[in-house]
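The data blocks that follow each hold one structure.
The same chain A turns up in both complexes below, where it pairs with chain B and then with chain C.
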Partner chain A sequence: MKTYFRELSVAAALVVVLLALAVFAPAFYQPQPLLSLLTREAPTLVVACGMALVIISRQIDISVGAQFSVCSVCAGLLAARGWPIYLVLPASAACGAFLGALNGALVAGLRLPSIVVTLATMVTLRQGLNLVRQGEFVNLPDGVQWLGLGQTAGQWLIVLTALGFLVAFGLGLRHLAAGRFVYAVGSDAEAARLAGLRPQLATFLVFVLLGALTGLAAMMNVAQSPQVQPLSGSGLELKVIAAVVVGGVAISGGRGNLWGAFAGLLLLACVAPALTHLHVEAYWEKAIQGAIILLAVVADGLRSRKGGHR
Partner chain B sequence: MPITLRALPCMSSPLLALSQLTKSFGGARALRGVNFELQAGEVHALLGENGAGKSTLIKIVTGAHQPDGGTITVAGQIVAGLTPAAAHALGIACIYQQPALFPDLTVAENIALRLEPGSALRRVDWPARRTRAHDLLARIGASIAPTAEVRTLSMPEQQLVEIACALGAGARIVIMDEPTASLTHKEQHLLYAVVRDLRAHGVGVIYISHRLEEIFMLADRVTVLRDGQSVGTHPVDGLTETALIRLMVGREMTQIYPPAESVPGETLLTVRDVGCAASGVKHVSFDVRAGEIFGLGGLVGAGRTELARVLFGLTPADSGEITLAGRRLTLRSPQEAIAHGIAYVPEDRRRHGVVLDLPIAHNVTMALHRHLFPTSWLRFGAERSLALEFIRDLAVKCAGPAAPVGSLSGGNQQKVSLARWLATKPRLLILDEPTQGVDVGAKGEIHRIIRRLAREGLAVILISSDLPEVLGMSDRIGVMAGGTLTAILPGHSDAPTVMAAALGSTEKGAA
Partner chain C sequence: MKKLLHVCAAGAVFLASLVTASAADAKLVVAMLPKSKGNAYFISCKAGADKAAKELGVQLLFDGPTDSNAAKQNEIVENWITLGVDVIAVAAENKEGISTALRKAQKQGIKVLTYDADAMTDARSFFVNQATPEGIGQGLMDEAARLTGGEGEFAMIVASLTAANQREWQKHVEARLKEKYPKMKLVAVRPCDDLKDKAQSEATAMLSANPKLKLIMAICSPGVPGAAEAVKQAGQTGKVKVMGLGLPNENRRYVKEGVTDSIILWNTGDLGYLTIYAGVALAKDELKQGAKTLKAGSLGTFSIVGDNILLGKPFIFNKANIDQFDF
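== the complex of A and B ==
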């Protein structure tokens, strides 16, 4: 109970918001808008699974938004060329994994600070994409939107897939030796090395995994509209990192889990619809999200000062 | 030992006098009554084993630590509540082995930073800065350009800049902490000349060194610290090296160590002419038998940890041969070393021996995931029972296997670190300072555990800077100095013999 206090308090905040909405804005609970909200957040959730791993291992990747855009455009172009969806999907994941491997190789191989490396790849990918595509949209052939299933079925498929990833990674992080290594490396990479683990390899792999998940998430986003927007991923990195941090994953590594990150993501995602339903101006959305993030960071700061080991 | 105190020139009051200084850290008593006196124009050597209290003493004199008891008198005035700034104002300066300069600033800027008080918005007089730096450096005979960036300077040049800073600040008391440890022979002589020059100018120098030859060459008097107490101040003239070593180790070995009862078996580890250029280990040869505790003694920085890191594959050897149970090994990574049954409990466990944030159980299984969880799926039950087994076996005081290691005391953290490696069922166990920072009770427990492990047939390499521990625990003792093994002594050797080996070859290395 004490161990998961941080996650439980985020979950409690979420429950309070949901209850408040039930009382003051029951319209929030109409099934179709709710499903749409979840579908919109599904790609973010998938990226957040990977981001949590990266942050737990004491790294960060701010290039995920740019990776997302590149993967989206690649997937769109392949689909437009007539590739079947079951080939476009792995291709998008592979594209993401490649970009993640690039980051991972620079961070783990050359031991460069991840914030600088991924800042550089973010700018490069984003500008490179602009240069090549000149902001052009990609029109998708029929059968790509909603994966050819019709809107409701497609939405359910996307939401359930995202939840599937959440459960798989959430369990893997706790129950697989590999998950344990991620925590060990994030807590104390040198201690992990002296225990015979390979911190550099683990770091490389979490970046690759995050890239692959970003590629899949991009595909989940592409499938939601009739055309691919080249800027679809802009701002995604901030959204994902905010969700993960609000959910109790320590930015200093070694602590947190995906259940908390999931609660954090839902909490931040609820802000906009809650404002709409409560007839508050939408300008408040970012301010309130910012306040939530600040609160989470301050809470973590106070906690580590009180209970920290010297 | 008939040593008479040489009559000193009559002076009104000493430059610095410390009387009955005491200082404890937690339960450990670092200083338990130190008396020390420094005259103007004197080089006073401070000597003692590792952990005798030299560093604590310096930190008190420079104001970094406050003493628990006793008085500090500077030029006849009793000073209380000494802070680093107050020490600086009193003219106390310390030159550390690793100079604390700003590498990206120039020499003149570094000196100015120490010496120019005043507003952050004042106008900087650059020519005056450079002139002063030039003058100060010239005073100690150093030919260093004031405009050079500090990172382009060699270690001794940086020390000279530190000394220039001290002079510029009007230092009357200069403390030098192993100033020649990283210097070449030629550079050392440059430094000696500066020390003599300081003395000629009436500065009092407290000179800390492990090199006895230096002390005989430079110092006027020597004060020996042992177990946090000053055991006497003597003029260097009447002393011999043997007498000095005896003063340092002094105490009789009390029988607090569990008796050696194991009969060593077959030779397990053979090390032949092993070297590693990157970490300074060279030409090391020795054997360790199963069931034997092989102690590694020597001074801090002698290369013992570096040797352990070679044997564990952290900094692979680039020459020589390592054989374990008849098989020649190439150890390129900790994974390989672990696979061959080598375990290494590192020093400084707070940093790297255990992961403080993770529970005891996670720490215990960290090095044997592949065996305990062959499918990679963690079995929490098996993990828990293994952790419980070690908690019981090593008497770890804790709330349970789920308690984070950071919540335990130092001794119990060390036991968890040990448990991790015992869980891998090693054949060779390397312990690096296993009882450093551990209280007396836990220390005894760890000693008994080590003995038991040896009795069970484990080959143990025990690295310790605690000389009595090496003497009391080891079946044989290897002494290191300057990155190489200088002597292998029987386990019943006496402290002066080991100390002479550890110091003696330092002299050789310096020559």
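== the complex of A and C ==
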């Protein structure tokens, strides 16, 4: 109970917000709009799974938004050329894995700080995409949206896929040796090395994994509308990192889990629709999200000062 | 080596004399510079410019960077100065950057005007202004009123709550609302950060939070398809109208499906047409500083405010005409 206090407090905050909405804006709970909003957040959740791994291993990747855009446009262009979905999907994931490998190689291979490396790749990818597309949308052929399944089935498939990733990674992180390895590297890379593990390899692999998940998430987003905006995914990095940090994953590595990150993501994602339903001015959205992040970071700071880093 | 230079110089003089000679005894040469020549928006400007050039019997040079590149724009202007064209019309990528080259052109007696995006005011005679904030705001609000029958709730999606042009347009929409449509009510204004995906999420929440909503107006271009997708997914097509500022290609699908009713922008063909007429009038000294109107062929008379030639009312793209436009 005490071990998970941090995660539980985020979940409690989420429950309070949801209850408040139930009382003051019951219209929030109409099934169709709610399913649409969940579907919109599903790709973010998949990226958050990968980001949590990267942050737990004491790294960060701020290029995920740009990776997401590049993968979206690639997937869109391939689909527009008539590639079938079952080829576009792995191509998008492979594109993401490649971009992730690039970051991973620079960070793990050359031991460069990940914030600088991914800042550079973010700017490069984003500007490269601007140069190539000049903001022009990619129009998709029929049958790409909802993977040809129809809206409701497509939405459920996307939401359940995202939840599937959450459960698989959440359990794997806790119960698999590879999962514990990530914590070990994030807690103390030198100790992990002395224990016979290879921290650089782990670092490389978490970046590749994050890239692949980002590519997959891009496809889950592309499948939600008939056109791809090259700008899509801009700001995603902040959204994902905020969700993970609010959810109790320590930015200093070695601590946190995906259940907390999930609660953090839902909490932050609730803010904008909640304000719309409560007819509050939109100016408050970013301020409230910022306050939530600040609160989380302060809570983490107080905890670590008490000495309990776990 | 020195000999080679002499030959080159002689060649250049000869070529230049050819150009000036042909320009003198025949056609005026009007050079038109887009921000990027492959961009469908400017290609449609060129279509109107071609038409005007043909009507006026002038030669049109249309050249620009392949991508939006301010330095390349300068190079092209320099080339045109060397070539000795009569008129240069520019859509400036970089306001300050292009102005030095344009001032140089003016010193050589070339008439300079801008269209679509202005340069520094001292570097050109006139700016062909495609849309004033007031015109856009009124056009948007009038169309929204037409679509809803002048009454009921509507909501707005903006790019951000702070961007200057967005604030300006929103201000004019609200002013028009207050002045002319007392039965309409603006119930929400939400930002989409210029992202189609966020616009869709925002519109989804707007729809469920405001069951009496009759229309969503998006004043940033990604907001229109985003709102349309939300309305479509909510099964509210036709019940909640969608309209806003945008490009035909980004909205064609939704306009044809009947989700989006109207896209408001200016007619880019008319912008090119008017620019050429203004340029030629300038070269023939028919258009002088202080003029109040300009006649442009089949499009009729346009008003001039200060040194801005106004294209006038925004153009409305809808199901009936959208297929005539490809940008």
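Note that in this section the second predicted complex is superposed on the first by the 307 of 310 C-alpha atoms of A that agree within 3 Å, B and C clash if a C-alpha of one lies under 4 Å from a C-alpha of the other, contacts with A are read in each partner's own complex, and residues count from 1 in each chain.
In this text, a residue touches a chain if its C-beta (ideal position, glycine included) is under 8 Å from a C-beta of that chain, and two chains touch if they have at least 3 such contacts.
A quick note: this is a predicted structure, and the numbers were derived from the prediction, not measured.
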| item | value |
| --- | --- |
| Partners on chain A (chain B, chain C) - clash or fit | fit |
| Partner chain(s) touched by A:195 [first = chain B, second = chain C, both, neither] | first |
| Touch count on chain A, higher of chain B and chain C | C |
| First (chain B), second (chain C), both or neither touched by A:255 | first |
| First, second, both or neither for A:282, with chain B first and chain C second | second |
| Which superposed partner A:180 touches (first chain B, second chain C, both, neither) | first |
| First, second, both or neither for A:137, with chain B first and chain C second | second |
| Smallest separation of CA atoms, chain C relative to chain B, angstrom | 38 |
| Residue ranges of chain B in contact with chain A within the complex | 312, 314, 334-335, 337-338, 344, 346, 351-358, 362, 366-367, 369, 373, 376-378, 406-407, 420 |
| Chain A - residues contacting chain C, complex | 25, 27-28, 30, 32-33, 36-37, 40, 131, 134, 136-137, 139, 151, 221, 224-227, 229, 231-232, 234-235, 272-273, 276-277, 279, 282-283, 285 |
| Residue ranges of chain A touching chain B (in the complex, touch as defined) | 174-178, 180, 183-184, 187-188, 190-198, 254-255, 309 |
| Chain A contact footprint on chain C (complex, rising order) | 36, 39, 67-68, 161, 187-191, 193-197, 200-202, 204-209, 211, 222, 225, 229-230, 233-235, 249-250, 253 |
